[in-house]
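For reference, chains read A, B, C and D in written order, and residue numbers begin at 1 within each chain.
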Amino acid sequence: MIGVGVVGYGYWGPNLVRNFAETPGARIASVSDLNTQRLELAMARHPCIQATTDAAKLIDNPLVDLVAISTPVSTHFDLAMRALRAGKHVLVEKPLTRNSEDGLRLIEEADRRGLQLFVDHTFIYTGSVRKLRELVQTGELGQLYYYDSTRVNLGLFQHDVDVIWDLAVHDLAIMDYVLPMSPVAVSTTGICHVPGGTENIAYLTLFFQEKVIAHINVNWLSPVKVRRTMIGGSRKMVVYDDVDVAEKLKVYDKGITVKNSPEALYKMLVAYRTGDMWAPQLDTTEALALEARQIVRSIETGVCLATDGRTGLRVVQLLEAATESMRRRGNVTELQTEMDAA
Amino acid sequence: MIGVGVVGYGYWGPNLVRNFAETPGARIASVSDLNTQRLELAMARHPCIQATTDAAKLIDNPLVDLVAISTPVSTHFDLAMRALRAGKHVLVEKPLTRNSEDGLRLIEEADRRGLQLFVDHTFIYTGSVRKLRELVQTGELGQLYYYDSTRVNLGLFQHDVDVIWDLAVHDLAIMDYVLPMSPVAVSTTGICHVPGGTENIAYLTLFFQEKVIAHINVNWLSPVKVRRTMIGGSRKMVVYDDVDVAEKLKVYDKGITVKNSPEALYKMLVAYRTGDMWAPQLDTTEALALEARQIVRSIETGVCLATDGRTGLRVVQLLEAATESMRRRGNVTELQTEMDAA
Amino acid sequence: MIGVGVVGYGYWGPNLVRNFAETPGARIASVSDLNTQRLELAMARHPCIQATTDAAKLIDNPLVDLVAISTPVSTHFDLAMRALRAGKHVLVEKPLTRNSEDGLRLIEEADRRGLQLFVDHTFIYTGSVRKLRELVQTGELGQLYYYDSTRVNLGLFQHDVDVIWDLAVHDLAIMDYVLPMSPVAVSTTGICHVPGGTENIAYLTLFFQEKVIAHINVNWLSPVKVRRTMIGGSRKMVVYDDVDVAEKLKVYDKGITVKNSPEALYKMLVAYRTGDMWAPQLDTTEALALEARQIVRSIETGVCLATDGRTGLRVVQLLEAATESMRRRGNVTELQTEMDAA
Amino acid sequence: MIGVGVVGYGYWGPNLVRNFAETPGARIASVSDLNTQRLELAMARHPCIQATTDAAKLIDNPLVDLVAISTPVSTHFDLAMRALRAGKHVLVEKPLTRNSEDGLRLIEEADRRGLQLFVDHTFIYTGSVRKLRELVQTGELGQLYYYDSTRVNLGLFQHDVDVIWDLAVHDLAIMDYVLPMSPVAVSTTGICHVPGGTENIAYLTLFFQEKVIAHINVNWLSPVKVRRTMIGGSRKMVVYDDVDVAEKLKVYDKGITVKNSPEALYKMLVAYRTGDMWAPQLDTTEALALEARQIVRSIETGVCLATDGRTGLRVVQLLEAATESMRRRGNVTELQTEMDAA
């Protein structure tokens, strides 16, 4: 039985607690939060756990084998390092750390101690993203042409990170999981509307060695919630609309065909799409429930997860490069590979 | 009665013919097309007009007062210049010309001869875009923050122009009409998937002197048709979805409010939007019908239109700058003003 | 070459004229309308035709072989009978006549004279309805369970007919074409909100000898346009949404499966659907263009159409029975078969 | 502090437990279920409660003040009567009982003992339905014309009740809450596709003394989930789409206007709607949380709720009448008033 301690009982923490509580082989041992009201809520819901405002106490609790960190990004490194040094496995909310150097140090510390380090890229465990990866990796889409994602909604200005580190991190994690290739350069533009604040709108273009392009549009100031990713290939194209409750994935059996007759041209221009569309049934298991089960199994067996510290680091490296390009109004930043960085 | 000659009876030409035919004060005098099958179709529909494969004959036809040019972009300049020199008013399909130098020469020629030069920015005449301009220009949206447009669908590779000149031209024309400020620089990325072809996907970021950002996403390879523009302001935000048949414009009475309490944060994050939404009734007059009426009136009275040659030139200058930035993988291109160019 | 005369140039007449004008083997010979303004519009668009306010003159015009009647329902019988007696083929807008007796007399007159009588059930010629029929008739859906249609929008009160004769006629025509069985009884409820007017909302339930039920919801006072038909079978179900521009037909590969485990129950209740969905590509030819071509061919070859007078009569018989049941607040009206009536 | 006992921990029970657990002034004292697996799940989540397979034990538990019954309909009466006789307040899941006689006896028993009897018409506590009532009752919609609801989805055949008692019960409860008038007669049609089963599709028309009509379409065999209610009035109309996550209520500022000009007719027929649309912001509090708070307050203060036993009885009376009409293929059943029945 793996004891889980959850640091941070704010927006996401309750989901971690609820899911680990119902995961076979795991139980919640402790919850910590600086806010006593939040802590009281945790205790009301889970009367038998240790609740504390002191994360150190949670980390040192001998009943805790896995420390799940769900706190502001700036605190990730210190909490995770402390937990690793206390001999605990660690799960860190995305993004892993606020820079790649910190991420690398966590990976090294975990390796040195033979501990597991996980990053909470929850989307990887949704039925939609797993099916998306399957479609891409089995060649169903043919040769890849583009990856285009929009993730916008009316959020609040965060003081801790900008919109890239808050929203684009999801797309970069999904892209890292789904695509069989890695970007080599990034051009980012963005804007900050609040004096002294961070960027609240950003546009990332990612270049690859292959004839593929990726683009991510993130915005905290949209009146509507849009979470749509399109992947185009030579054989098929797929639209992943996370806001659609009924049909999150739609696969269009039409790639690119160049027809030359003017008649074909007129027809295409008025038709909305050509070819059949297919919306596969998706596994509706809650992503975090599946993630929690796999984390428990990974700790028990030592088998690696797709969302380990290295994955978290790769995404942080992309976030760093994107931020650097944005500072220079879209001028390209070349990407180091994970190996280079190491 | 103004006689209209339409050069090019392909995809768009029939719409020009049909609309001018039903415009009071205008009548179709001649239609030309190199394709005799297209020409036969024109004659079947309009038995009483001159139909010719020779555009020069149409231009020289004394019954023709206005030459409407609906042909590939590369032919716009020669045809328009010839028509102006023959003393005819001219309407040119978008984009006006394939470079700003040509555009400037047409403007000068028209001015010299006291003729009217129009560019066919049809969207300007839709009820949606006119309402959009009204919302922005009356201050209803408050201080402007961003303009974000996506215009994608499954098209065909064009040999004449790339996706920027084919699709982004619409957004640039709408933006030029709706916003009270002009961009000062542009960063563009894009990709071409066909050897020897033109770019089929592109992303434009436009910078302004004000704290405003604009972004345009154009793509010929999307499996679905998306035509959505969002404009965000400090008081309200608007979504213009041209594919929505019932509610093309939605105005959200919520701008940006920074709230600090964590409770507010949790609420916002799960709510899809805050504030009422309002979808104004729009004028459903066919855009081209309204445009045709205004063109006829402009010729009769000499009054200027919002879609004159200078407007067409401003958009071509943006297209040129965007193309240049794309050649340099997103490095910023500073924009000259129309005056500078002249 | 078949000469076509169109009686009535109001809402639908121009579509008839435009489509027959572009149908090979047909040409428009004459148009009549009581309204001279409408007639002037017809002449502006088609300068070479005979335009008259006198339908009798159109009927007697020797260049007219086919009389297409697009006038109020109450005038259908007189005009059609006159045309048949003048030896002309006849196409009548839906519904064929205002009662079945009139319909029967037209059929007999046409048979006696060896003339073709068509009813303008345009929906039958759409790609959607043809595919719908194919899905049902090939057994793709399995054993049929129900046919459920909603056809509502904000219309105007008509003085000529009620909402059943105006809107439900479409559904009855589609149902007659798509289903392999015929209703045996009908229960209808409805309401009229205007003193002295006709019913503006109605609900029809149709019973069959088989274990099938059909329901039609028609309403002139809906704020939104809904045109959705669902057909459920033991193997698959299909949703036909005529307002959806991109995916009018969606086929769900899930029929009815009774599972007994409580776990399955909980899963089903929270899932939005089970099984894949498939949206077939549809022929986007304009329905009326296809109909016009088939009518011309039918006249030339004598081959019968799916939309002949008998079809029109069957639908009128259903309309009559539905109206009778509505007068009695939903009490069932048993249906005579076409044979019985004859 | 009110102690709550929840009988039945199946689909809905966990929601009752979770919400009462977090309601100030209430705490969960006991949970019972015949299924030990379900009971174990309850204990894992709420370690400090009494869990039992014996509902009688729960009812007799002195820590239980309120018994919430979330079991099959056929068991409602016995469990509720037993709880009332034990001196406990009672909340019964909808429908209150399987016939009106049982409902009446529960009301009388509760009255006699001065206990509160509630029916769990959860929808009444949603922001949408409360706003809907406000729009109707304040006269915002003008004179009422119709109430039209569709509630369909792919469910399972239930053995306990038919689709009317399972789904239409929601609509009847909402209608009872929203409309200022009561139906006087009902005509119902339906069908059962499984030998020995209950009706799985049904259509209810409700008649009123006023010029109003109501219609409810319920179906367990729909491939898609539809939950849409339209209410039309002389001034405005409203669409309540419960499946729409962002805009559940849309108010159209267009009632019925009869225009006579043919031009107006042509315009109306091609326009999708006229008048502005307005989607008010809705309270997103979880309905059951609000209901639980109001139930606790009602017990504490004795103030009546909109969802008391009498409300539950009125709805059961409608369900009975609808069922009777369905047995007679749509022949109208006149409705007794609550008073008559008593």
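Simple rule for what comes next: a contact is a pair of C-beta atoms (placed from the backbone, for glycine too) under 8 Å apart; a residue touches a chain by one contact, two chains touch by 3 or more.
Because the structure is predicted, anything quoted here is derived from the model rather than measured.
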Practice item. Compute the centre of every chain as the mean of its C-alpha atoms, then state which one is farthest from the centre of chain C. Key: A
Check your understanding: Which pair in B-D, C-D or B-C has the same interface as A-B, with over half of the contact pairs matching by residue number?
Key -> C-D
**Study point:** Whole-Å separation of chain centres (CA-atom averages), chain A against chain D
**Key:** 40
Practice item. Round to the nearest whole Å and give the separation of the Cα centres of chain A and chain C. Key: 52
Check your understanding: So what's the Cα centroid distance for chain C and chain D, whole Å?
Key -> 38
Practice item. Pull out every residue in chain B that's touching 2 or more other chains. Key: 224-225, 245-246, 272-274, 277
Practice item. Please name which positions on chain D make contact with chain A in the complex. Key: 21-22, 44-45, 47-48, 224-225, 243, 245-246
Revision key, fill the gap. Interface with chain C, chain D side, in the complex: residues 10-11, 35, 38, 145-146, 148, 150, 152-157, 185, 187, 189-191, 193-194, 201, 203, 205, 207, 211-213, 215, 217, 219, 221-225, 230, 232, 237-239, 250, 252, 254, 256, 258-259, 262, 264-266, 268-269, 272-274, 277, 325, 329-332
Practice item. Could you please specify the touching residues of chain C with respect to chain A in the complex? Key: 245-247, 267, 270-281, 284
